[in-house]
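Structures incoming, each one as structure tokens.
Common to both upcoming complexes is chain A, partnered first by chain B, then by chain C.
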Partner chain A sequence: MTTATSAAARAPFDRTLLLVMPAAAFMLLLFIYPFIYGLLLSFNPKNGGALANYTHFFTTDNLWPTIWTTLKLALPATLINVGLALPIAYKMRNKSRYQRWVTTILVVPITLGTVLIAEGMLIYFGPKGWLSQFLQLIHLYTGPIRLTHNFWGVLISLVISGFPFAFLLILSYITGIDPVLARAASTLGADPKAQFRHIYLPLLAPGLAMCFCLAFVQAYSVFPSAVLLGSPAGPTRVISIAAYEAAFEQYDYSLASAIAMIMGFVQLIIVAAVLGLRNLWYRGPVSGGKG
Partner chain B sequence: MGATAKPMNTAGSWFDRAWRGLLLGTMTLFVINIGLIIAAVATSSFARRWLGTWLPDGWTTTWYTEAWREFQLGSILWVTVEVVFAVVLLALLIGVPAAYTLARRDFFGKRLLMLLFLLPLMVPPITYGIPMATVLYKLQLAGTIYGVILANLVPAAPFVILVMTPFIEQIDPNLESAARVFGASTARMFWHVLVPLLAPGILAASLLVLVRTIALFELTFLTAGSDSQTLVVALYYAVFAAGVRAPQSVDAMAMVYMLVTLTWLLIALRFVNPTQLVSRVKEHPQPAT
Partner chain C sequence: MKHDFSELRLDHVTRRFAGAGGKAFNALDELTLTIRRGEFIALLGPSGCGKSTALNCIAGLLSLSGGSIWLDQTRIDTLPPEKRGFGMVFQNYALFPHMSVAKNVGFGLRMRGITGADADAKVAHAMKLVQLIGQEHKLPGQLSGGQQQRVAIARAIVIEPPLILMDEPLSNLDAKLRIETRAEIRRIHRELDRATIYVTHDQDEALSLADRIVVMKDGVVQQIAAPKEVYEQPSNLHVARFMGYRNVLELDVVREDGDRVALTGPDVALTGMRKQPLNVRRAAVAIRPDDIVVGGNTGDVNIVVAKVENVEYGGRDSLLDVVTPSGTMLHVRGPVTTARGDSVRVHVPVERALVYPLD
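Moving on to the complex of A and B:
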């Protein structure tokens, strides 16, 4: 096993492969097995035929609309997060004194946690909160501010908690693109807009798609903020609330698994659509080269 | 600033200036509002009574002592520490060797294996959390600290693998061959050559897993019992059962949570340059030529 060639010639089995086994076994045991178990369980309802859970989901008025409720929250939140993060990260792409500071400040919201954001928004946007007092002070707006216990409250909290993540990811993708490429383009007469459009954007497309997917997963599985900041019985009754209620309030694990499977399925459709869109837009090597 | 400093044409300059202003404005507004949201919680956690005025009537620290006593914050923090460090350690233990194999060898089913490690990060935690919790309850592991650790390991281990694989790819395989030539066994080679070289990557990965695990709500929420709650979950229950407890003591607890995560994140940012970390975790890392 001294060199690769002799190893290939002599050893029929590469022992290095054993190193991947614990991780693979763990994932099979705690990710794939429960998944299959849940899938089978979802076809084995408490009462009714094999598809009873799924027909129940799509015919019950407080279950199937949760898909749209979730998408209506998660898609705009993801679009805002990625859409805001892209230009700001693009501005910060060059190494400078500010880069580290701005990055640190923008990353701080990751540490807040849903509960602190929820509590803070309830106080800050509340009827006697600082925002409403400030708006009254400058006579801009004197009516009540309705930014909590509804759709907007959950959306804002998703942006606060999701933006730093999207920003970090996009920043790291952008700084992975060799600035020499843009400089070469500028010697050929490309203005910054053209550089962005024809150099950065195509090279960034795979990273953007990945970032969109990861940010979407985060927003899509919104649970605590939908309960704390939204109205979990009404306009922000997202699909994860429905799944949780089925599992831990009605103790119907079969129905809960079915809802979880539907949730995963919808998620995968969106991810597949985004990745497909990326392929339409750009084909080629992923890496822009970093030295 | 080489590329943008050269003025190519002046026609778009007002547009550029407006765009830059808009960006700066949005960013400032975002940061200021978040700052005020944090300040609101902080003020409330120190407030004696705060009803509709700019600042509370008086200041007090009793909410912190009360939160410490009432929520048994001490034991919750201890559980959090136990869970987080167990998860980091186990994730490194199974993740780093796996990342090594994925970085160095090409074998049948490698793409499938990569997909297996990518899926837990792409599927919403609730989706696999509910079936996983069901299985863990069957095994009577849920509700105990072991169940919580196992559940948190599911996204943590793949995360370590995804972060470490590009790190290992950067290390020259000749170093390993040299160690082999001098007769080092795989284990010795690992400890004396690879681990020291990988130390920065391992540190980065473990700090990121640590921050992620402290903040991961759903999986702990689904598997924790009353004495195995981590700080996030305890915090959620404290708000959810609101009315019983004074909101100020919940605020005090939220501040404690923020300080804990913030400390670790700042430590992480000292060692990990965020602009250099994730860019290595591309979908198809280019092979070193």
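Moving on to the complex of A and C:
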């Protein structure tokens, strides 16, 4: 820290730094204080010792399995979102009118919000919904269609709401890669497949990891669609439902806080694992020399 | 990929682009050129003249709007770039930032399925050719501009291409490095004994490197000739201007006598050599500053008396701006002892005053 102090001694205090204060206060009030409050609350149970909430969670049969229930929804949803967004964004990487149109259409779900998406899906995918009626009309499939009020309903809604987000993020990473690199690779004998594998994919890996983390965190905290489109008592009883019940049905805020902390911890583990993997890849500029 | 070839033939190669307002224009208009093995060709012209378009068409990075490209008897303009097997050096080098220098250089070999000791030997040979031994394990971002440039060259030549394409490879280097690397490129070209097509806007580079220069303007070829001829006998006024004929005087034609043309102005009378047919009574005389002799006393022909307006010191000599009483200005190289305000007599050798029709 000696360099920092000597630098501070030489340069007078930059008063424009004070402009950060409102934002810092905002962060403190809205994020840091509630988090610490919740953390402390979780160690302060209604009855029992400091760890009573946590032992309760991990020994109760309708609580601890919610970790896996949520993972079973969030991981496939995230993999599908990132996996679908990557090839489409790759196809869209060159600026064109086409790109603008497709981007606009794909982004529409973001504007809807989860509840509206759930409503729409109930009408479209429901047992008497448009999809079922249409399939019967063309005699393609006449059996019952069960895509709502179960695992699949929630998964589909997570894809619809999460995909545009993953797509936009990956598109911005891809368009940041200098296209001249792929052209150089092509003159060296790389066909389009090899260009993707050897040039785009390694340069995109850090961005994909980041995208995966953000999409996963979003999916793991799923709540409205798990209630509206899933079966909240059974296969889509996700961890946020458990927290909701603790807080607003049993009025046990302390237990609810503990569940929220566990949820955050699971997200943290996955994110740390993915970012750890990212470090194995190249990270640095994605252009090929002097600009 | 065949390496033994005798010539690359460009036959009326044309490339159209949609311009502003949807109007198509020819970025490259009917380029016809045959490049023989061992030749070094420079495509020379100002930016927007179509030289890079031509290079990208040859590399396969742009499709043709018309014409064809042949490598001996094989038509190649329908092949994608990865099937043509030409080595290309890009202006900003386009090194793969996530690969080590050795991996960059070896990329083309890897794409061809050449691996192991065979590939290592070829990479080592290319690294030696560009004098980069010892840098193999660095990432491109850790190298200087000049070193990155050499990696780009090594990467292009390691696949032993029949043709090496270079797109202004020296434009990002500083002046000293540019001259050094220029000599390197010429040496590498000689050692490889392939053909090189080199795009540049710098006439010094083109003159010093090329066996033949293709001068272009607005997508159209102006002149294809050896450096000496382009330098001494530009085919038209545009080429002359581009090759450093800084003095272009518009004068009245008095008499044409074979190729010799006598012209006159308010207080200048010059005789020069006609380079293109003239059809009006006015013409342009193009003269290079270096060709004008200060203090000449060679008879009465082509003597101009003028006053020195400006002096730029240039070491061995000075660049003078001299102005006649009626205001005609000439750029002249003269002795460093000349001072501003001096009155001088300058002599223009008849064979170095080139007469062209006006633009």
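As a working rule, the second predicted complex is superposed on the first by the 268 of 291 C-alpha atoms of A that agree within 3 Å, B and C clash if a C-alpha of one lies under 4 Å from a C-alpha of the other, contacts with A are read in each partner's own complex, and residues count from 1 in each chain.
In this text, a contact is a pair of C-beta atoms (placed from the backbone, for glycine too) under 8 Å apart; a residue touches a chain by one contact, two chains touch by 3 or more.
Since we're looking at a predicted model, the values are computed, not measured.
Contact with both chain B and chain C is seen for A:189 once the two complexes are overlaid on the shared chain. In the superposition on chain A, contact is made by A:203 with chain C only, not with chain B. Of the two partner chains, chain B is the only one touched by A:243; chain C is not. In the superposed pair of complexes, A:69 makes contact with neither chain B nor chain C. Look at A:175: by the touch rule set out above, it reaches chain B but stays clear of chain C. In the superposed three-chain model, the partner touching more residues of chain A is B, compared with the other of chain B and chain C. Residues 183, 186, 189-191, 285-287, 289-290 of chain A touch chain B in one complex and chain C in the other. Touching chain A in their complex are the following residues of chain B: 1-4, 6, 8-9, 12, 16, 19-20, 23, 26-27, 30-31, 33-34, 36-38, 40-41, 44, 51-54, 93-95, 97-98, 100-102, 104-105, 107, 113, 116-117, 119-135, 150-151, 153-154, 157-158, 161, 177, 180-181, 186, 211, 215, 217-218, 221-222, 232, 235-236, 238-240, 247, 250-251, 254-255, 257-258, 261-262, 265-266, 269, 273-280, 282-286. Those residues of chain C whose C-beta lies close enough to touch chain A in the complex are 59-61, 80-82, 84-88, 90, 92-98, 107-108, 111-112, 139-141, 145, 148, 152, 155-156, 159, 165, 172.
The touching residues of chain A, when paired with chain B in their complex, are 1-3, 14-17, 19-20, 22-24, 26-28, 30-35, 37-39, 41, 84, 87-88, 91, 94, 96, 99-100, 103-121, 123-124, 128-131, 133, 160, 163, 168-169, 171-173, 175-176, 179, 182-183, 186, 189-193, 195, 206-207, 210, 213-214, 217, 220-221, 223-224, 227-228, 240, 243-244, 247-248, 253, 256-257, 259-261, 263-264, 267-268, 271, 285-287, 289-290. Across the complex, chain A meets chain C through its residues 178, 180-181, 183-191, 194, 198-199, 202-203, 281-282, 284-291.
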